[in-house]
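One chain, chain A, appears in both complexes that follow, with chain B as partner in the first and chain C in the second.
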Partner chain A sequence: MTDILRSWIGGALPDWLIVLIAYLLVTTIVLFYAVGNFIMMVWAERRVVARMQDRLGPNRVGPAGLLQPIADAVKMFTKEDIVPRNADRWVHLLAPIVALAPVAMMLAVIPWGRGWEPVDLNVALLYMVAVSAVSGVGLMMAGWGSNNKFALLGAMRAVAQLVSYEIPAVTALLTVVILAGGMSLLELPYMQAGVPIMGATILCGDPAGCSPLLYSTITSFPGSPNEPVQALDLGLGWWVFTPVGFLGFLVFFIAALAEGERTPFDIPEADSEIVAGYMTEYSGMKFATFYIAQYILNFALSALAATAFLGGWQGPGVAALANMGGPWVHVAAALSAFYLLAKIWILFFVMIWLRGAFPRLRVDQLMDFAWKLLLPLALVNIVSASLMVGLTQWTSAQWGGLISLDGFAPWQRQLIAVLVTAIINIAAAYWILAINQRPKQVEWDEEELIAAS
Partner chain B sequence: MGQYQSPCLVLCMNTLITVLFLIFAALILTSAIMTVTVKNIVHAALWLISSFFGVGALYLLMEAEFLGVAQVLIYVGAVSILILFAIMLTRDLEGSQNRQLTPRWWIALIVPAALFGLLIVPTVMTHAWQLPPPPPAGQPPAISGAQQIGTAFMREYFLPFQVAAILLTVAMIGAIVIAFEERERRRRVLTLVEQVRLRQRQQQRQQPAPRPEPAATAVQTSEATGGET
Partner chain C sequence: MTTEIQTETTEAQTTRGKVYVIDRGRTKLRAGQGLLTGLEVVFRHFRDALTRKLEKPSQQTGVFTVQYPEERLKLPEAFRNFPILLYDDETGQELCTSCFQCQRICPPQVIHMTQARDPATGKPVPAVAEFLIEYDACMSCGLCAEVCPFDAIKMDHEFEYSTDVHGGLTLNKEALNRPISYYEKIAPTFWAEVKDSAMKKLQGNMKRRPDLIGVAPQMVEKIRAQRAAAAAQAPSPTPATPEAAPADKAARLAAARARAAEKAAEATPEPAPDSAPIDKAARLAAIRAANAAKKAEGAADEVAAPATDSAPTDKAARLAAIRAANAAKKAAAEGAPAAGSADFASTPSDAAPAADAAPPASGMPADKAARLAAIRAADAAKKAAAEGAAPASDAAPPASGMPADKAARLAAIRAANAAKKAAAQRDGSEE
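Showing the complex of A and B:
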């Protein structure tokens, strides 16, 4: 962006101003992108849930009700802003801002397409986790500042859920850090090139005979730096196709549902129990700000899940177009941005689907699910991820002479690693599920309870 | 940044960094002062959070990205939320009765001042002040914070790292022991179905049936269903 601007108006303005304008432009584009998606998401959610519940949903404003979100926005703007008399004014006012700002900051590090990344941060994964944790402060402020018992209860529930589901989410992301050998999000889609399961390990035997449409030069490898190779690249070497990535994706996506307060985990705003949770005392634009924050959080978490496990912008045809050079590189970028958007929307559709399918969890079920099922699975997955990296990348000297795989071809090592991790993950998942399904001992004695009461 | 670099870029960046530093420093100091002076304890916690944020921003300004992000994750995301939880679970929320200065305020002033002096005086005395700072000699080596910190923890500072880990584990186990009631003392919260069944059984107990034998079988069947669930 900076370079484009510089070539256009390079002489007219000082350089630092151009850099500043470029940053502002990129920020504006990303925020508009997210808010545009938010509008479409609200419409899609209402229509899809209506379809699942055999209703029509909003269908009056515009074609198929597409303009309904705009009508809603106008309604939100014109509503009266009510602040309870005993509320803490400043905290009540600042809470929606503190809830929305970190969520918007999450969008800064996601690679939206091939070469379309607003900021390249080398700790991007940790940054995403850290910044999303900050919005908990906003929820707490909303709950306390409203001076309402439902709001406080809702905030307590929200923050307790946020804090406890952060642990499986971070542990699942740790497998990505191990596989990638770093925390940069920019590198992740490049590492997920290749073909399903095998990744970028099917190499080109004869450099002259390999078509650039099928084979591309892979420079960045998961784990350790290797010299660039020509590998079969269909843009489908997503980590979700390997056992490690699959388990990691499952755990992360479920934890992301809980962090985004989607339906099986929506006890913080359970409207049949505590009105609307921490949003109870908010009206007009402040309520809309919370609403936007929630949907953009879902959008950003879907984008993170897609980038970390589903290959990000990687997809069939992107590498081939990029290899053709010239103006085709821009076509490749547009196609890659489309792939990422499609993945985000598929994940969001699954979220809506779960909302249509599942009832709300109880709070003890919620905690049991996080601590007894997701966390052990994620921990086992870390061991598998380490084995995966060890089996595919390490030399026998790094193994200390215990295992020597130096003689094998990359695809053979990949196959061995996939088999070993599949066995470990399936066995562990089966075992942990069996433990959790074991009937509980009756902890209470009926006779004793009768005597007590 | 491309090949073309205007002379302003380096100079302006330095001025910009200085200005940003001043802004963040002012933010940290104001928030810290507000933390200890406001009456409302929740407001104090919120000011503390903003002070933590400022420190994280300072780390980012020094290009210690990992430290900055970890500061936000641990202090803003975890510690301050814990503080807020603790405040909201205590009774006297406003804290209006609490005096902020105790009669022994001078001890509280001397001890931290002495400790701070102990830390800062040797640093100031032994530091070679070069004002204005010399221009950086060449390109500084590439720093990848997370990897360096990880290697340092696993090599040079292995023992302190392990000691800290054990300390945290001990604290965690201690918290569980304190918070966890003994199993036999714990009253389980009954679900609605269990409450209804319990009430039925109590009613059966209270009205002794005229004929003993059917009543006994009824009790046995309900016990059997209770055992299954």
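Showing the complex of A and C:
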């Protein structure tokens, strides 16, 4: 964006102003993109969950009820803004802002399309995790500032849930860091090029005879000694197709549901049981701000899950269009942006689907699930991810002579790694599920008991 | 992982009605299989809700929403909301005879009615003059419809009555009236069950309703026009015309009855000389009735008969004949007392013209009215005379051109007035 502005009005304005305008523009676009998606998500959620319950959902305002979010917004704007008399006025006011701001900040580092990233941060994953944790402070402020014991209890439950689920979420993301060899979100989609399961390991034998529509240049691992290679690229080398990525994705997505307070983890604001938890004392636009924050958090977490495990903007045709060069690069960028959006929406659909299907967990079940199931699985997955990297990337010297895979072709090494990690992950999953089974109920033999007594 | 679940349930007919057997799938599910089964069920609902509507109860999936103002479910026949009144489509005659059964049984007492009366005689007729139901307090119990012996009041299917005008929910007869065809449409089998008896009863009641009494207010104009049209059609020479034939027949019947009455009057033994005028009067009435009947017959032959005359003439003729016969019988039966009362007014001789000239709606025998009037006049005159007032002579029955009973009543009123006046004058002079 900065470059485009420079080329247009480079001479007329000082460079710092151009940079400022460029970033303001990018920020505006990203925020509008997110809010537009938020509006569509509210509508889609109501429509889809209605169909799951054999209903029609909102269908009166505008065609197919599409203007329903607008009507809701008008309603929200016209509502009275109530502040409890003994509330901490400033904390009460700031809480929704503190909840929304970090969520909006998360959007800054996500690569929305091929070459469409607002900020290239080399610790983007760390930034995401750190910033998303801040919104917990907003929830606590809301509960505390309301001067309402139920709001405070709700806030404490919400924060306890956020903190609990951050650990499996971050541990699951750690597998991505291990696989990618870095924390840059920008690099992730490029690394998920190739074909399912095998990734970018099917190399071009004859560099002259490989069509640029099928093969593209891949740098498999940042800092790896391997040279860039020409590999078969269908844009489907998503990590979710490998055992490590699959388990990591499952754990991360479930944890993201809890962080985004989606059913079955919507305990903090369980609308059918408690009075919206920490949002009890909020009305009008402040309430709407929490609502927006929650949906945009879901949007950002879906985008993160899609980028980390589902290839981000990667998809069939993107690399081919990009390799054609010239104006096709922009078409590739648009197509890639569409792919990412489609993945986000599929994940969002799954969220709605889960909401339609599952009841809410109890608090103890919630904690059990995080600490007894998700965290062990994520920890095992870190081992698997390390093995995966070792088996596919490390040279014999790096292994210290323990294992020598130097003679194998990349696809052979990938296959070995996939098999090994699959065995480890499946075995671990079975084992962890087995030890989490409810203890068998002892069947008392009544006659024996009577005889004994 | 997921278990097989049949999309459709099976229906089984048992002695206790239809039973829907739902396959619940496998019950033993382990390690997340239940979660996946749940997801599968929900997705099936989602997919089917996009493509089809829930139409029969054995279907498990599909949209069940009915978008009410645009879409409506077919109401069952036995659905009931508020009562309505029925009238016959062709004749416009209301089925209600104002028997007050519904008013009596109505638990919240929201039904009110007035019986119709013959305007000429003041006697009640089996029809309802006004009918009010307060829909706002109606509890839709349907007891009125159940109790109605004439199937005149039925429960409607219409339920959209919300309004901001409270009084607008008190409906009068015109608002309550619906044609039978409407009820037949909403409850065909229910109407078929009672149709024959209801129509038979209506035919019977129609005979006792003079003129347009008992015709639904919204149908009055139409029926009047229909009758006029029927009258215009009647003169057509072909007796096949349904309107012309009865008129002709009625006229002939009237004549025959009049003749029979005449014979009967002649045949009665004459015990006293006083009875002669009675006999004479009866004969006169019979002759006049026969004349009227003849006239009706003649009118039927005329091509350019006045439009409104034909039907009334026929009816009037029949009526006159019947009355004449009645008067003759009565006169014969009463004998001496009737003759005795002839001192005050020339009752029997006037009875025949009275019967003849009486409006067709008249239910009371004219001679009785005339007698009553005469008695009243005499009383007034006596009273006036006793009080010493001069103008008592006014009480004498005047102009014979007027129908006797009317004249007599007029005379009585005048006499009474005169007496009062006299009394007032006397009071004034005393003071």
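FYI, the second predicted complex is superposed on the first by the 434 of 453 C-alpha atoms of A that agree within 3 Å, B and C clash if a C-alpha of one lies under 4 Å from a C-alpha of the other, contacts with A are read in each partner's own complex, and residues count from 1 in each chain.
The rule is simple: a contact is a pair of C-beta atoms (placed from the backbone, for glycine too) under 8 Å apart; a residue touches a chain by one contact, two chains touch by 3 or more.
This one's a predicted model, so the numbers in the text were calculated from it and none came from an experiment.
Asks: Considering only the touch criterion stated at the top, classify A:Ala101 as touching first (chain B), second (chain C), both, or neither.
Replies: neither
Asks: State whether A:Trp353 touches chain B only (first), chain C only (second), both chains, or neither.
Replies: Touch status of A:Trp353: second partner only.
Asks: One more residue to check, A:Trp144. First (chain B), second (chain C), both or neither?
Replies: A:Trp144 contacts chain B only, not chain C.
Asks: May I ask you to decide whether A:Val134 touches chain B, chain C, both, or neither, giving the answer as first, second, both or neither?
Replies: first
Asks: I'd like to know which partner A:Met183 touches here: chain B for first, chain C for second, both or neither.
Replies: The answer is first: A:Met183 touches chain B but not chain C.
Asks: By the touch definition at the top of the document, which applies to A:Leu67: first (chain B), second (chain C), both, or neither?
Replies: In the superposed model, A:Leu67 contacts neither chain B nor chain C.
Asks: Kindly classify A:Cys210 by the partners it touches after superposition: chain B alone (first), chain C alone (second), both, or neither?
Replies: A:Cys210 sits against neither chain B nor chain C.
Asks: According to the contact criterion defined above, which of chain B and chain C contacts more residues of chain A?
Replies: More residues of chain A are touched by B.
Asks: Write out the stretch or stretches of chain A touching chain B in their complex.
Replies: 2-3, 6, 10, 14-16, 88, 91, 121-123, 126-127, 129-131, 133-134, 136-137, 140-141, 144, 152, 156, 159, 163, 166, 182-183, 442-444, 446, 449-450, 453
Asks: Which positions of chain A touch chain C when the two form their complex?
Replies: Chain A residues touching chain C: 48, 50-56, 59, 353-354, 356-358, 433, 437.
Asks: Help me check something: in the complex, which residues belonging to chain B touch chain A?
Replies: Its residues touching chain A are 1-2, 4-6, 8-9, 12-13, 16, 42-43, 46, 49, 65-66, 69-70, 72-73, 76-78, 80-81, 84-85, 88, 144-147, 183, 188, 190, 198, 201-202, 205, 223, 226-227, 229.
Asks: Residue numbers of chain C touching chain A in their complex, please.
Replies: Touch residues, chain C against chain A: 31-32, 35, 38-39, 41-43, 45-46, 49-50, 54, 61-65, 67.
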